[in-house]
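The following blocks contain the structures, represented as structure tokens.
Both complexes shown next keep subunit A, but they swap its partner, so subunit B is in the first and subunit C is in the second.
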Partner chain A sequence: MSTMANDFSATRRLILKGAGVLTLIGLGIVPLDVTKVLAAANDKYPEEAFKAKSEADAIKALYGKTPEPSDKVKMDAPEIAENGAVVPISVTTTLADVTSISFLVSENPVALVASYKIPAGTLPNVANRIKMARTSNVVVVVEAGGKLYGVSKEVKVTVGGCGG
Partner chain B sequence: MTIRRRDFLKLAGAATLSGSLPRLARGADNAGVYDLERFGNARILHITDTHAQLRPVFFREPSVNLGVGPMQGNPPHLVGRAFLDRFGIRPDSADAYAFTCIEFEKAAGRFGKLGGFAHLKTLIDRMRSEVASGRSLLLDGGDLWQGTGLSNTLQGADMVEAANLLGIEAMTGHWEFTYGEKALRANLERFKGEFLAQNVYLTEEAAFNDAKAFDPASGRVFKPSIIKEIGGHRVAVIGQAFPYVPIAHPKRFTPDWKFGIRDEELQKLVDTHRNADKVDAVILLSHNGMDVDLKLASRVTGIDVILGGHTHDAVPQPIAVTNAGGTTLVTNAGSNGKFLAVLDLDIGKGKVSNVRYRLLPIFSELLKPDPTMQALIDKIREPHAAALNEKIASADRLLYRRGNFSGTMDQLICDALLGELNAEIALSPGFRWGTTALAGQPLTMEDVLAQTAVTYPETYVQTMTGGQIKDVLEDICDNLFNTDPYYQQGGDMVRVGGLAYACMPTEAMGKRISELKLDNGRALGARKSYRVAGWASVNEQTGAPIWDVVARHLRSGKPPNRAPPGVTLKGVEGNPGIAGQG
Partner chain C sequence: MASTIRVRATSSGETTEVQALIQHPMDSGFVKDSKGEIIPPHFIQQLIFEHDGKNVFTADWGGGVSKDPYVKFAFKGAKKGDELKISWIDNKGATDTTTAKIQ
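Presenting the complex of A and B:
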């Protein structure tokens, strides 16, 4: 067993994983002008959304609407995180016309962890590693065809130890 | 010895007299207990969680093994009388002694120790000789290499030799990983069977650095499965290692590997074996723990039988779980070498038509120890025997560990931590291994090590606030009582010394623990700091190993603290997973 205290600081640090970046940049090359797409994706940094404390406020600030559940969005996340500082979460979807994929951690001091713009023609497949302050629902929101879809899964962040 | 043997013989006589009567489901207290009716065309033998107990042991099954939510009242969460009723075991029988805690001390005197690899080998050889050559398979579910002073000193090498002589053909792992990659691989070099794990992968960093893997393309570190030909039929055996190794143990032992349940990858593997390899049966050799296996069986299709371990549940009959593809049987085969599971399969083309399952207790007084195994055990033990045999004290009462919240053995360990390290509060991990000592029996260094032999035994003393202590208790309690088994880790609750608390297992995380009090009756202050001692931390520590601390305490001859454990359970009235406090 352990008595390690959760010493996560309030600052949220985003750790991008290769796959996520690859999706955004690498696969976007074929049909599109990459520089233009990246510029478009970056020209409006969603500052309000990244300041919102709650998951609902962040989604509202980002999209202005609420997501509906979908079985076409598949999130891969561990049940219990091996390390709360780098929790691997990935998402794929069979929805058409995906324009954006966002990751939120309900119990983090600031809920929105990452938001990806998905240029047309890009495979909607994002993997990243996120930092979690404590056990929480992880929410993935997919914007597709002008509508918003969401899935969530509880990921446990434990102090560890005492396993059988 | 003679008296005990007479107990068995008396009952054997009774059984002979009533030979024409239908036998109770599990009531045959005699040597004939090992006479199995022939069935099927393939015999799979399964042992698990032996925890390196080469010699016969006493091991008291729990009097508290609570299930909450959908698990309440269902196997394996039954103890005492409720357990006997559910499985049709006659009270006061040898089986009642092997499977439950009822009148443990009295029954221990009558029926003696269980397990021991020499005895196990005798029974395994007999079970294999009863079926035609090439018609049986011996599997081990892991936690084979850890649990004794000897195995800890030899980093499991002793158990590899014993496993080879026993004839284990495939195994998976849990505590095996706590020796670290180098020692693990060195042992596997010498192991004649296969080490299987479908759910252990290289981390991205390790894969990037070309770390060693069985399948670099998928990142699988170990062979996930094997296909064995048994009597003309093809049987796939898939290994499922303990899914939470880097969480339950220090991450430093397995820095390059990631684990998890990974039932989607498992489903793909099962489908490949079914569709491409055209196997006739699929067995999952699992170290998930029984609750996790029961949930997994409802989600993954195409597995005939899950041979389970980890949670040390001795469950006499398989539990049938229906899923989208049919039915999967789930078993759990107890611990400490107490049991041998015998799974007889009637395999047809592409499917298992029927099964018979028996979980046979290894009554060491009914089985003649196999001389070759006995000689091996003696040879391995000899250089260490003097140190292990050193008598330190005598057991002042029945000393046992297993149980959800406390055990007298852990109370003793907590007393040692409080006294020797001058702390206000002691924390001791809720491991499920650790043998039982009868009142009055000598306690040797070997007995102390049977409770403490881990690769991270260092003790610590640190300052914690009352709030932090509550958080730790809540966190560990959720590992035990989360209503979703996939969020459980399969250990018992951390043991406490110097501290009392109330627990309501049916509550949600953060609300289970209340009324925290010090031994002097004062309420624990959330912001107040306390001196806390413990051992087996997942963080690196530098204190003396716990076995030395316990031995020092025992040698000091301080009067034993016999105060009842300070855990008050709430909301468990009527739950058949509790039979008194314990």
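Presenting the complex of A and C:
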């Protein structure tokens, strides 16, 4: 085949690439934004909720509503945690149509610790290990059938897991 | 390189119980080192479990999850011998992926 055609297409590609980059710069789009958009496309990470200091702000950022108390959510947490760096917390619920379960620690510098998406077919039972800066309420929020339910339990911490 | 992800997925007929343990520092960005300098945040943000091309569990994590994080959940619709794909991405863009056979 002729090298002319190859040269032509290569040059053409370069020009197009250059033009594309220039357009991006012209619009003031920096590479950081591009990666953010890519991350958002893939089951997006709730960045804002994980920046919120207070538990109320985090829940609002995550769900846009406030939870109501429920006796159908059972949280298993220790009364006293000797090591705040590793506090085992688990939750089970008899609520139907659970879509999400989140764990928050009121007194942590960032209240939201973990948020789990529960698709249909996955059981609404989650166990994990979290850090606690000091004695605090641990809050578990369950989203079920479009409604929000919450339970809270105080866990006493003798050695903090977030302090310096 | 050895995987950072250790998974045990066991089927008991209808449901499959999954336990995962991941090696990661999970630095929150609030802790100081011995010299009094802040250790910059370095933690897993998202951990995804897929079975048969379908998302069965997604964990969104902050710096408040303990070092070398552990999580346990259970789902329906899988059988012994099926594959479970696990992948994570942290706040620095590092990732790891592994697949485990359901036992």
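Everything below uses one rule, namely that the second predicted complex is superposed on the first by the 116 of 164 C-alpha atoms of A that agree within 3 Å, B and C clash if a C-alpha of one lies under 4 Å from a C-alpha of the other, contacts with A are read in each partner's own complex, and residues count from 1 in each chain.
Convention: contacts are C-beta pairs under 8 Å (C-beta built on N, C-alpha and C of every residue); 3 or more make two chains touch, one makes a residue touch a chain.
What you see is a predicted model; the values in this text were computed from it and never measured.
Of the two partner chains placed by superposition, only subunit B is touched by A:K156; subunit C is not. When the two structures are aligned on the shared chain, A:T122 is found in touch with subunit C, with no touch to subunit B. When the shared chain is aligned, subunit C comes close enough to touch A:V113, but subunit B does not. In the superposed model, A:I89 makes contact with neither subunit B nor subunit C.
With both structures placed on the common chain, the touch criterion links A:F50 to subunit C but leaves subunit B unconnected. In the superposed pair of complexes, A:V105 makes contact with subunit C only, with no contact to subunit B.
In the superposed model, C is the one of subunit B and subunit C that contacts more residues of subunit A.
In the superposed model, A:T135 makes contact with subunit B only, not with subunit C. After overlaying the two complexes on the shared chain, residue contacts for A:A77 are found with neither subunit B nor subunit C.
On subunit A, the surface touched by subunit B in one complex and the surface touched by subunit C in the other have residues 161-164 in common.
Across the interface of their complex, subunit A is touched by residues 143, 174, 204, 242, 244-249, 251, 258-261, 264, 289, 310-312, 427-433, 460, 462, 464, 468, 471-472, 475-476, 478-479, 482, 484, 486-487, 489-494, 509, 532, 534, 536-539 of subunit B.
Against subunit C, in their complex, subunit A makes its touches with residues 35, 43, 45-46, 50, 85-87, 90, 105, 108-110, 112-119, 121-123, 125-131, 133, 161-164. Only residues 1-6, 17-18, 76, 78-83, 135, 154, 156, 158-164 of subunit A touch subunit B when the two sit together in their complex.
Of all residues in subunit C, those touching subunit A in their complex are 15, 26, 28, 30-32, 36, 38, 45-46, 48, 54-67, 69-77, 93.
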